[in-house]
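Note that the chains are named A, B, C, D, E and F in the order they appear, and that numbering of residues resets to 1 at the start of each chain.
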Amino acid sequence: MYLHLQKLIHPIETDEPDPAAANALQEGLGGQFGEMRTMMQYLFQSMNFRGDPAAQPYKDLIQGVGTEEISHVELIGTTISRLLDGSPAYQGKKDDPVDKPGDKGATPLSIALDHSNIHHYLVGAQGALPVDAAGNPWSGSYVYNSGNLVLDLLYNLMLESTGRLQKCRIYEMTDNKTARSTIAYLIVRDQAHENAYAKALESLGVSWGKVLPIPKTNAERFPEVKRLVDLGLQSVQYTFDADEKSQAAKLYRGASPSNDGTELSTALMPEGSPLEMAPERREEFAPGLDAELLSLIQATAEIELAEANDPS
Amino acid sequence: MYLHLQKLIHPIETDEPDPAAANALQEGLGGQFGEMRTMMQYLFQSMNFRGDPAAQPYKDLIQGVGTEEISHVELIGTTISRLLDGSPAYQGKKDDPVDKPGDKGATPLSIALDHSNIHHYLVGAQGALPVDAAGNPWSGSYVYNSGNLVLDLLYNLMLESTGRLQKCRIYEMTDNKTARSTIAYLIVRDQAHENAYAKALESLGVSWGKVLPIPKTNAERFPEVKRLVDLGLQSVQYTFDADEKSQAAKLYRGASPSNDGTELSTALMPEGSPLEMAPERREEFAPGLDAELLSLIQATAEIELAEANDPS
Amino acid sequence: MYLHLQKLIHPIETDEPDPAAANALQEGLGGQFGEMRTMMQYLFQSMNFRGDPAAQPYKDLIQGVGTEEISHVELIGTTISRLLDGSPAYQGKKDDPVDKPGDKGATPLSIALDHSNIHHYLVGAQGALPVDAAGNPWSGSYVYNSGNLVLDLLYNLMLESTGRLQKCRIYEMTDNKTARSTIAYLIVRDQAHENAYAKALESLGVSWGKVLPIPKTNAERFPEVKRLVDLGLQSVQYTFDADEKSQAAKLYRGASPSNDGTELSTALMPEGSPLEMAPERREEFAPGLDAELLSLIQATAEIELAEANDPS
Amino acid sequence: MYLHLQKLIHPIETDEPDPAAANALQEGLGGQFGEMRTMMQYLFQSMNFRGDPAAQPYKDLIQGVGTEEISHVELIGTTISRLLDGSPAYQGKKDDPVDKPGDKGATPLSIALDHSNIHHYLVGAQGALPVDAAGNPWSGSYVYNSGNLVLDLLYNLMLESTGRLQKCRIYEMTDNKTARSTIAYLIVRDQAHENAYAKALESLGVSWGKVLPIPKTNAERFPEVKRLVDLGLQSVQYTFDADEKSQAAKLYRGASPSNDGTELSTALMPEGSPLEMAPERREEFAPGLDAELLSLIQATAEIELAEANDPS
Amino acid sequence: MYLHLQKLIHPIETDEPDPAAANALQEGLGGQFGEMRTMMQYLFQSMNFRGDPAAQPYKDLIQGVGTEEISHVELIGTTISRLLDGSPAYQGKKDDPVDKPGDKGATPLSIALDHSNIHHYLVGAQGALPVDAAGNPWSGSYVYNSGNLVLDLLYNLMLESTGRLQKCRIYEMTDNKTARSTIAYLIVRDQAHENAYAKALESLGVSWGKVLPIPKTNAERFPEVKRLVDLGLQSVQYTFDADEKSQAAKLYRGASPSNDGTELSTALMPEGSPLEMAPERREEFAPGLDAELLSLIQATAEIELAEANDPS
Amino acid sequence: MYLHLQKLIHPIETDEPDPAAANALQEGLGGQFGEMRTMMQYLFQSMNFRGDPAAQPYKDLIQGVGTEEISHVELIGTTISRLLDGSPAYQGKKDDPVDKPGDKGATPLSIALDHSNIHHYLVGAQGALPVDAAGNPWSGSYVYNSGNLVLDLLYNLMLESTGRLQKCRIYEMTDNKTARSTIAYLIVRDQAHENAYAKALESLGVSWGKVLPIPKTNAERFPEVKRLVDLGLQSVQYTFDADEKSQAAKLYRGASPSNDGTELSTALMPEGSPLEMAPERREEFAPGLDAELLSLIQATAEIELAEANDPS
């Protein structure tokens, strides 16, 4: 059973809208090695987990990473929305035609014709989509769950490493701060998850030598990443386990397999950052309410106040 | 941000394995109108939600239903696993060849050749898959999020009603108790969600007359459903909101649009039921550990005890 | 612009329900070489047709065959519906539980678990689906329209021949009369279309020798087909051209390329056969109306009578 | 059974080629909420329709809208073809290299490399494709036909509204007159269809208050749309029923649910507009005939004249 | 550049037709972890290989395994064809109706309606298809080629292990000798490839402890596998390198990582086994030649003899 | 069974990187009518081939063309890699930031955001992908193998002609020499294959008149093509048959059906051209080895030299 907190797992920095960066980030959301995939893969591996009761720490580790991935979906999806939000207006449409969509035949959404994924404007309303950066919808065929513990761990290690590789490449595509604040965070968290699966395999006798982390990238070169590595975020694993029964700490402990000299440790969850609601976009007819409907909504919103005043 | 509790949202009854029923339930998990879809659709609608701050109750309602759907994925996925688990042995292989997979050329998995989805045995290890009952992988193209509030609510009402319709049809396909305990629960919860979206549209001026609930089915005819309706589970909406900020109660209140005479109300979450680990299945090589690897796992599991005894 | 007549292009014989035959016929509806594909391919080739005004007969020929294919979709779709309709009751559920779906926990749809495509009962309501016999949804990637006239004609000849080959194979799979009445008709009409495209290529200088028809099958062996061949239906092409401007007759004339000694000729359209509405199926909640909703529908239906009596 | 008229349902205005607008319009043709989908969905709902004979008006309404959608496919497909036709030459290739494709190594199709969907030039020959604006092929999985009347009507209302929403967004993307003449027409017709399904649900007791039309857009702002609304095209429904048996008028009557003060009424069909053949495009090898093949075609075309002169 | 030898890489044993076994083997041909996938993945990894010239042995190893996989596609495809070939006649149709397909309305292909994948009879002519055991077409999205050497090797190890796991499961599904002779061979060769990628990673410093081979299966239990393991086929790697430049032997040498006490070694290729042509199947219209066409083919075949007799 | 030679079937000319041309060539690799498809289609047709032993020349012809297609996959895949390789640096990033990927927050991969297929940089490492020019993954549903000989030959003729048509269009899109050297070669080889299937159908009695080749393009206009046509490469067919048993020469002989006055003839294989390894690309982390891992690789590479010096 799952609970939700009205917080983002990590803050998103403010910058100009950037639909091209938004599209690149779609790979990290709906791509074959993105967050929707890790979330679903670990959820299925947890549901179908088999074995000796002694294997509980392995299940708890996978479940904990999987729960974190839901918050990563929320984080990167929200980041994409922010990068898209207002992008038509930002592209030089300074006289605000978006207030009057198509008024007198204006074309406030013309940006959609030659930017990245036209569906960001045509199907969604300047919001994230469950597709990759080339526009392919996410597919259930991505999920890997063989039921064989060694294979599942090996796949998960490869999956996190590929996710991290792709995010390093996205980092090199854009310097938009909104995009980078999330990408840098996910690069570091993917490394924490690489450590998790590498460590689980170490407990079964594998020794990684110097091949980790994958890719071999020096955090000093990526300033936004370095800041988070200096905080040690690549070496801590959250359990997100509301009843605190998780045994993941039996595996996620000891020297990091990333050869960076840190010790691994666990915690319940990060502090989180406030969630905000995006503004109306009239050129998208989103939410598309006229004065009458809006007044009905406001009436609903006022109920609480009225009740607070009249608690009878 | 999300948290997980090591509990199932509703208990699963025990009965014999039944791979055909398991396959029918796949529609409720990975089908176009199944729980993976509702979960993802509401998650995207929440992330991309736009509008006046007064619209917060609408966002919170969608977010809350979406969080519940993750627990529904967990519930129906676990139910499918239990229906599949041990099914080869159950089909008359009484002399336990599964203990020695393929020993001397035996065929302990021959059941896979003529039952429902061969992938349940060949790709998964007698566990749930992210596909529908005809074997189609779940697709991101299912997710609907137009950004227009009235349309999104209308779609969500239709989605919950179609999910409920399909589950009523699955109910009529099998009387396996394991399958029915989950199907009956989801029929009732889908009605609670129908009520949620119908009520949200009522707040915008729509009047439903007598068309709800959809489908028009009389709970008295389905004994397992009736038991839950008698408890009122079709008229309560959980928020699963760990920091209890949700304003969904401003919408989910008053007379039920299902015309059953009940009043709608909200709660934080249900009590939950224990989660258990599935046993090893050697004929699937799952988890596929030999004596050496198992002893390594047991060593990991014993760490805690050792530390408890020696807290230095 | 298109018009519809409330008639089927060919009568469907009555026989018992047969879901396995229904599923085989899905290939002829939604398969890669089925009627939805021919319909769409010719519609696109007509819309995108290019060239000298002298090429009008080629365009008209393609357009006319394409219009016929819409009626074929209607015919084979209706045939599938009839083969499915009532199939659960027919499979030995003699005490009519379908009148009371799931009543007291009954399983009136259990047939769905082990017959062909479970979606016929679970997603559709004992009706045709836009999928092939293996359950794959129809795809726009099937449509071929290169814009090169010789290539498009060559492809169309291959397409009709493959459609005819597959229908001959379906004929050999079942002797259900409902299924065969439609399959036999489509075998003969596919041959008429093979003739159309072969003849168009003959007009460009190709000579087919003895390779046609494909497949080389002797109608005498298939009694239901022979009956229609004896009527000459394989050598007539309809234009379905309401304003009778079609120049297809300039191509569809002269000796048949099928080497059967007939002369080709054109006509406007066949006579047609009455369309009927399928009965309610309560176990599918289809149409799923209760007494109140049904009375509202009846009120609508009575309007005409009332107005007829009171023409004021 | 279907007939075809050699007319377009609505005239297409002439303007410069515009491949980016052509690509945006693909969503309206082959997108999840485009005309291929409405056409197929209503065709399947008609074929599989069930129920009391009193429900005939509902079936006739769906069938009539479905028949209109075939003409919409023809209209928007033809519009896309016209927007693409000649676009390589138009992009500054003034010295007409397209007359001699690739002559001496020229690159008359270089436009394809950086415009929208390269398949418009590489796979098709400057013509429409059965794909959406992001290049995804149309899929049979889009078709919704639950068999439950209320659900099917609700879905159809949502489908028409989403189609209209997306076309309003496309309108805002381009001011090309060719594109807009068709988009404006389809916005108005989608509203007519919203009215159809909304009215059918009204007959079952639903009251829509002020939520319709969806989206809430004021036609005055879109000049091309306003012109058609002023003609009342959003409040008339065609039956396209060649034998004039349709009972759709029992539902499509009375005050418009769009709250615009009009009365709904039915008619057989619009007047239509002439269809024309597109010119040869040598750089596409379309139709790709050399002098010898062309003379054979001309010989075919001359048959009629010869016969007219010599009627013996 | 590639050459072909008219030999199979391993002999196929003779047994009765078995369409259910044929369908299970489809996973090994067209499944996500089947031979088409390994073949394509290694072909892409070879084409796109990057790095220091010193990395040549790694490229040669991947290329060599990839070339072997083409022969595996040929082997398993041919095996599936043999399992299907003649299966309709074998299923009790003893009076040979297949000689006269559909004669007088017979149903020689009725087996297709209730066996595994109907496309084996309806789309193919009792031959292999590029799909998996659940009927999903092979997809290019399966191919993994990150460009990062460690990741690609890790993925390849996981891929071969999953292929071997699935083939062990298929082994347990059927004891048909035709099926098992190929499955057993591929289980052993997949282990040879596991060794290849494990060894390449060992050269980069990874130590596998006791986790290999995956799955942990004891060959003694599978008699057909044991026979090949006793010959050492799991510890030899072929290069299939016609110009014998491959440096794969620099990696494929030393103690086997499978912990079975063998030493790894390389060879050019196995001896091979004769290829045969399958007989005509008239009920499939395959190859579908009548007497006239067959005599034309025979005339072609006789050319060589004539020329041999008259070498002028 | 297949062998590989470390040679390319045709040399690739050197020119600047060109990601847009690379993307267009993807259609020729992974498109519906590209080389992966011809390769797989002919491989399946060979495996499943049926008939009289006299039909051996037909099987050998298909097998020989199919083997050539594997080398075409290798050729066009390598060409795409070369067009992509180094393209970020070439686009004005002259101060070589790619040596230090992302150093101090640089964006060496920003080219990926607005060029063709972002996956060329994000998923692959500046290398070929198994997708078409619009980004759709290759699908097994493309493969056509009806088992009917005339139909399979007809389809193959259409397939080669469509491949050639599309490559002529790609030729007109770019004048990059790297791209054109491969495209021109494939245009000529596709014509050789058109001849192969046209000739096989001629042996069955079809006469093509003047319709071939398709498309009707005059090689003189394409200088790079003309050079190869002058060498007669459109009229020779290779067998790639290592044991030289192929009887394809019985069909591939006599006057060319392309009406160009040449005589058809066969040969074993072309001479071939050297294969080279692509350089490291640090901004892609490909191969992504640090100093320690590289030294391990070099140690492996030195083994041979050491052994050569010390052969004990």
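A few notes on this one:
Throughout what follows, a residue touches a chain if its C-beta (ideal position, glycine included) is under 8 Å from a C-beta of that chain, and two chains touch if they have at least 3 such contacts.
Chain by chain, the UniProt names read as follows: A, B, C, D, E, F = Mn-containing catalase.
This is a predicted model, so every value here is computed, not measured.
Note: the chain lying farthest from chain A is C, by mean C-alpha position. Where chain A touches chain E, over half of the residue numbers in use are shared by the two copies, so each contributes mostly the same positions.
Centroid to centroid, with C-alpha atoms defining each point, chain C and chain F lie 40 Å apart.
Centre to centre, using the average C-alpha position, chain D and chain E are separated by 47 Å. Residue positions 32, 123, 131, 135-137, 139, 141, 146, 148, 150-151, 165, 204-205, 210-211, 214-215, 284-285, 288-289, 292-293 of chain F each touch two or more of the other chains. The list of touching chain pairs reads A-B, A-D, A-E, A-F, B-C, B-D, B-E, C-D, C-E, C-F, D-F, E-F. The residues of chain F lying in touch with chain A in their complex are 100-110, 112-114, 117-119, 121-123, 131, 135, 137, 283-285, 288-290, 292-293. Chain B contributes residues 32, 136, 139, 141, 146, 148, 150-151, 154-155, 157-158, 161-162, 165, 201, 204-211, 214-215 to its touches with chain D in the complex. Chain F contributes residues 20-21, 23-24, 27, 31-32, 116, 132-136, 165-166, 168-175, 180, 210-211, 214-217, 221-224 to its touches with chain D in the complex. Here chain E touches chain F in the complex through residues 1-9, 30, 36, 40, 43-44, 47-59, 63-64, 67, 70-71, 73-74, 77-78, 81, 123-131, 137-141, 143, 145-151, 203-205, 240-243, 245-247, 250-251, 269-270, 272, 277-281, 284-289, 292-294, 296-301, 303-304, going by the rule given at the top.
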